[in-house]
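Heads up, the next two complexes both have subunit A, just with different partners, subunit B and then subunit C.
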Partner chain A sequence: MEIRVNPTRMELNLLKKRLKMAERGHKLLKDKRDELIRQFLILVRKNKELREHVEKELSAAFARFLLARAVMSAENLEEALMYPTKKLSLEINKQNIMSVYAPKFSWVEEESGRGENSSIYPYGFVDTSAELDISIETLSGILPRLMELAEVEKAVQLLAEEIEKTRRRVNALEYILIPKLGDTIKYITMKLDENERGALTRLMKIKDIVRAKM
Partner chain B sequence: MPVNDTIYAYAVGRIRALETRLLDRSRFERMIDSSSAEDALKVLAETDYSGAVSELSDFHNFESVLTAELKNSFDTLIRICPRPELIKILILRYDVHNLKVLFKAKYLGIKSDLFIPIGSLDLEKLAYSAAEDDYRDLPVKLRRAAEKISEDFLMNRDPQAIDLILDRVLYEQLIAVARENGSAFLEGMFIRQIDLTNLRSLIRIKRMGLDREFIKKVLLPQGTLPIDRLTANLDEPLESLVSSLMMSDYADLIEEGVREWLEKGTASRLEKLSDDYITAYLKQGKWMPFGFEPLVGYLWAKEIEIKNIRLVLVGKINRLPAEAIRERIRDVYI
Partner chain C sequence: MSTYKIAVIGDKDSILGFKTIGVDTFSVTSSDSALTVLKKLVSEEYGVIFITEELARDLEDIIAELNKRFLPAVVLIPNSKGTLGIGIQQIKKNVEKAIGTDILFGKEG
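Coming up: the complex of A and B.
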């Protein structure tokens, strides 16, 4: 399984250097992997909590919305929601988690109305149902959480990818490159030793012959 | 102006015949108890809606059936009513809806297809006036409202104001036209609708935590419940609203509606009771041999019937429990 090399002292030195480097890289990557997994677990827990919360609220809001939909005609409902009072502008920045660049959202709510009483409800009260108020309110309240969830979920995805990559690298170093280098080094050492022994025996043999002739 | 009620003899005769074809309670019960939306539609297909239902390729598009049926009813009534201008009063609500859509579409810079094809105003003409900011062809009150909206929106850009201004002017116009035509019955209906809308708005605004300034813009002034008295309840607990209305016609309705609102946080009961209240009022006209009243009653009954069908179908499509649908079903007229 060794790497094909010339069994020379020069190569041996080179390989020893590579082995050292590989071992150092292996240790570093292992540390990185462990830290990534730690971060990952924190985020995953946060993600789970957020998701459960958001899903609960969302399903409540949708249930309300359904009721509003059931008592209002499609045209009325859509007219009511046609022109939203608030506009959201989203800005995406990067945040660095263990050199994984996860998105960081920041957003500004812009009021489209300049009236002092402009509310989150863009419709009148005559043809609309109170169920609509409640679902709009829930949805509007849930928005920050929803953004946070998106952020965390993306970070979790990116981290998982990075962990996978790092794990591959660690394994490649641990099970392939390092044993291979070790084997090759052993091979070269043995070859060199053998050569040395051969040279020694030859010398002794020659010495014997020379002595016999004298 | 006193009008001889016998001119309605033919129209009332037609209405009596049409009334028998309205969906009754047991039909709705069958729809509620059916296992799926398709089955509910099958029940519907046994009624007057059969033609439209059989043409429906996907039951999610049931709204088109309902709109078509409503338009059909209005068209029939305009045809048979000796004074079609009275029916046109009831159509005004849809004109106002179309105006709302028009204004919102205009300010958003989009084209919209949310118009209800029942309005008496020509949509193309409306679109033209909105584009040109020229509302000469609208009825006086609507024209003023339209001008007010154009002005207000430039200043505040608040889409809610569009709805608020138009809703207000709608009821002003309704009351005015009802009076003009000497129909105390219609006026009574609008006033009751105003009162009930005001009560609902009050409760909703209270929940939203908005202030008195705002509620003044929302409450409609022509009701029998004085606005001052209603506004005064904004800072009080809802129970005091109930007790202050103890002596009014709305005592039972508001008590039950508010109880449900406080206990379950849902206004469904109040909204249902409000509709039932109007139905009960209109039922007076049911036994009149001649007169305009049965016609109004029939149109209202049709609107409620369509509301109920929508409720059942939306509920069935989304697998709402039968109980949740049943408690929201409005009383039927017949």
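Coming up: the complex of A and C.
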């Protein structure tokens, strides 16, 4: 398997340069891949942990909420939750993990004008059940974890994508381009040597003929 | 740097509570309407979209596509009936994609 080129010395030099470059690129990419995988493993472990934790807590909150829903009438519940005291807005920064850009979330809670020190509960305690309070408390307690999960999970996804790409490149260089270049270089050297030998024999032959005529 | 919003998509029972903590909630009942809502949210300024696993199950393609983008972050959450394990499954898939074999969950499966 080789590239079709003219077997000339100039091509040979060019190819040798390309081979050197490819090898350097290969080494760099391999290092990049290794470091990406290291980072990825750290993040993915964290991701797993976070997700398990969040899922457990959320399920608990939901269970409580269901109870609240069972105890209270639907209208009451809806009414109680109609006007939240807070509004979350998100600020997004970039973080750079081995030149993979992943979003970094930070959020701000805006009080929606209920006066100072409004609690997380948007309702009065008269016609709501305690289950609702607990459910909402768990939910708002879990929010930082949720945001962290979102951040880590996104980073993991983007890293996985990048690792796959890098691995393909490494493999393409290692198994396709570099062998191809090597084969072509070999082909050209052999061709050149052959030409040289051909020229030599021709010279000797001519010399013989000339000598025989004298 | 601009500010973004957070949304949650799911069935009413599961997501109503999110409203109190200041997240925009979108209650849907079918995965079709979930798709429409999701598409709408993506085109608006939402940075994080939480979606219940039950709905996400039918929207795998578009979520996989969104996962390759910088924003928004689509996060699967369990619904009130409990977790379906899709979220964990996704982590597993990511590991397999990146490393080629599953080394985190090997003990369990």
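As a convention for this text, the second predicted complex is superposed on the first by the 210 of 214 C-alpha atoms of A that agree within 3 Å, B and C clash if a C-alpha of one lies under 4 Å from a C-alpha of the other, contacts with A are read in each partner's own complex, and residues count from 1 in each chain.
Basically, contacts are C-beta pairs under 8 Å (C-beta built on N, C-alpha and C of every residue); 3 or more make two chains touch, one makes a residue touch a chain.
Note that this is a predicted model, so its numbers are computed, not measured.
Novice: Would subunit B and subunit C fit next to each other on subunit A once aligned, or clash?
Specialist: These partners fit in the superposed model.
Novice: Which partner chains sit in contact with A:Glu109 here, subunit B, subunit C, both or neither? Use first/second/both/neither.
Specialist: So A:Glu109 only meets subunit C here.
Novice: Touching A:Glu55, do we find subunit B (first), subunit C (second), both, or neither?
Specialist: Second partner only, subunit C.
Novice: For A:Arg69, is the partner it touches subunit B (first), subunit C (second), both, or none of the two (neither)?
Specialist: A:Arg69 sits against subunit B and subunit C alike.
Novice: Using centres of C-alpha atoms, tell me the angle at subunit A that subunit B and subunit C span after the overlay, to the nearest 10°.
Specialist: Angle at the centre of subunit A: 20 degrees.
Novice: Give one of first, second, both or neither to describe whether A:Pro144 is in contact with subunit B, with subunit C, with both, or with none.
Specialist: After superposition on chain A, A:Pro144 lies in contact with neither partner.
Novice: Of subunit B and subunit C, which one contacts the greater number of residues in subunit A?
Specialist: Subunit A has more residues touched by C than by the other partner.
Novice: Give one of first, second, both or neither to describe whether A:Tyr121 is in contact with subunit B, with subunit C, with both, or with none.
Specialist: both
Novice: By the touch definition at the top of the document, which applies to A:Ala160: first (subunit B), second (subunit C), both, or neither?
Specialist: A:Ala160 contacts subunit C only, not subunit B.
Novice: I'd like to know which partner A:Glu131 touches here: subunit B for first, subunit C for second, both or neither.
Specialist: first
Novice: Nearest CA pair across subunit B and subunit C in the overlay: distance in Å?
Specialist: After superposing on chain A, subunit B and subunit C come no closer than 6 Å at C-alpha.
Novice: Per the definitions at the top, what is the overlap between the subunit A residues touching subunit B and those touching subunit C?
Specialist: In subunit A, positions 66, 69, 78, 84-85, 121-122 sit in both the subunit B and subunit C interfaces.
Novice: Show me the residue ranges of subunit A that touch subunit C in the complex, using the header's touch definition.
Specialist: That would be residues 36-37, 40, 44-45, 47-48, 51-52, 54-55, 58-59, 61-63, 65-66, 69, 77-78, 81, 84-93, 101-103, 105, 107-110, 120-122, 135-136, 139-140, 143, 146-147, 149-151, 153-154, 156-161, 163-164 of subunit A.
Novice: Residues of subunit B touching subunit A in their complex?
Specialist: 63, 66-67, 97, 100-101, 104-105, 107-108, 112, 114-116, 155-164, 166-167, 170-171, 197, 200-201, 203-205, 207-208, 210-211, 213-214, 217-218, 220, 265-268, 270-271, 306-307, 310-311, 314-315, 318, 320, 325, 328
Novice: Going by the contact rule set out above, which residues of subunit C touch subunit A in the complex?
Specialist: 1, 3-6, 13-14, 16-23, 47-48, 50, 67-68, 70-71, 73, 75, 77-80, 82-83, 87-88, 91, 94-95, 97-99, 104
Novice: Considering the complex alone, what residue numbers of subunit A touch subunit B?
Specialist: 66-67, 69-71, 73-76, 78-80, 82-85, 112-115, 117-119, 121-127, 129-131, 133-134, 137
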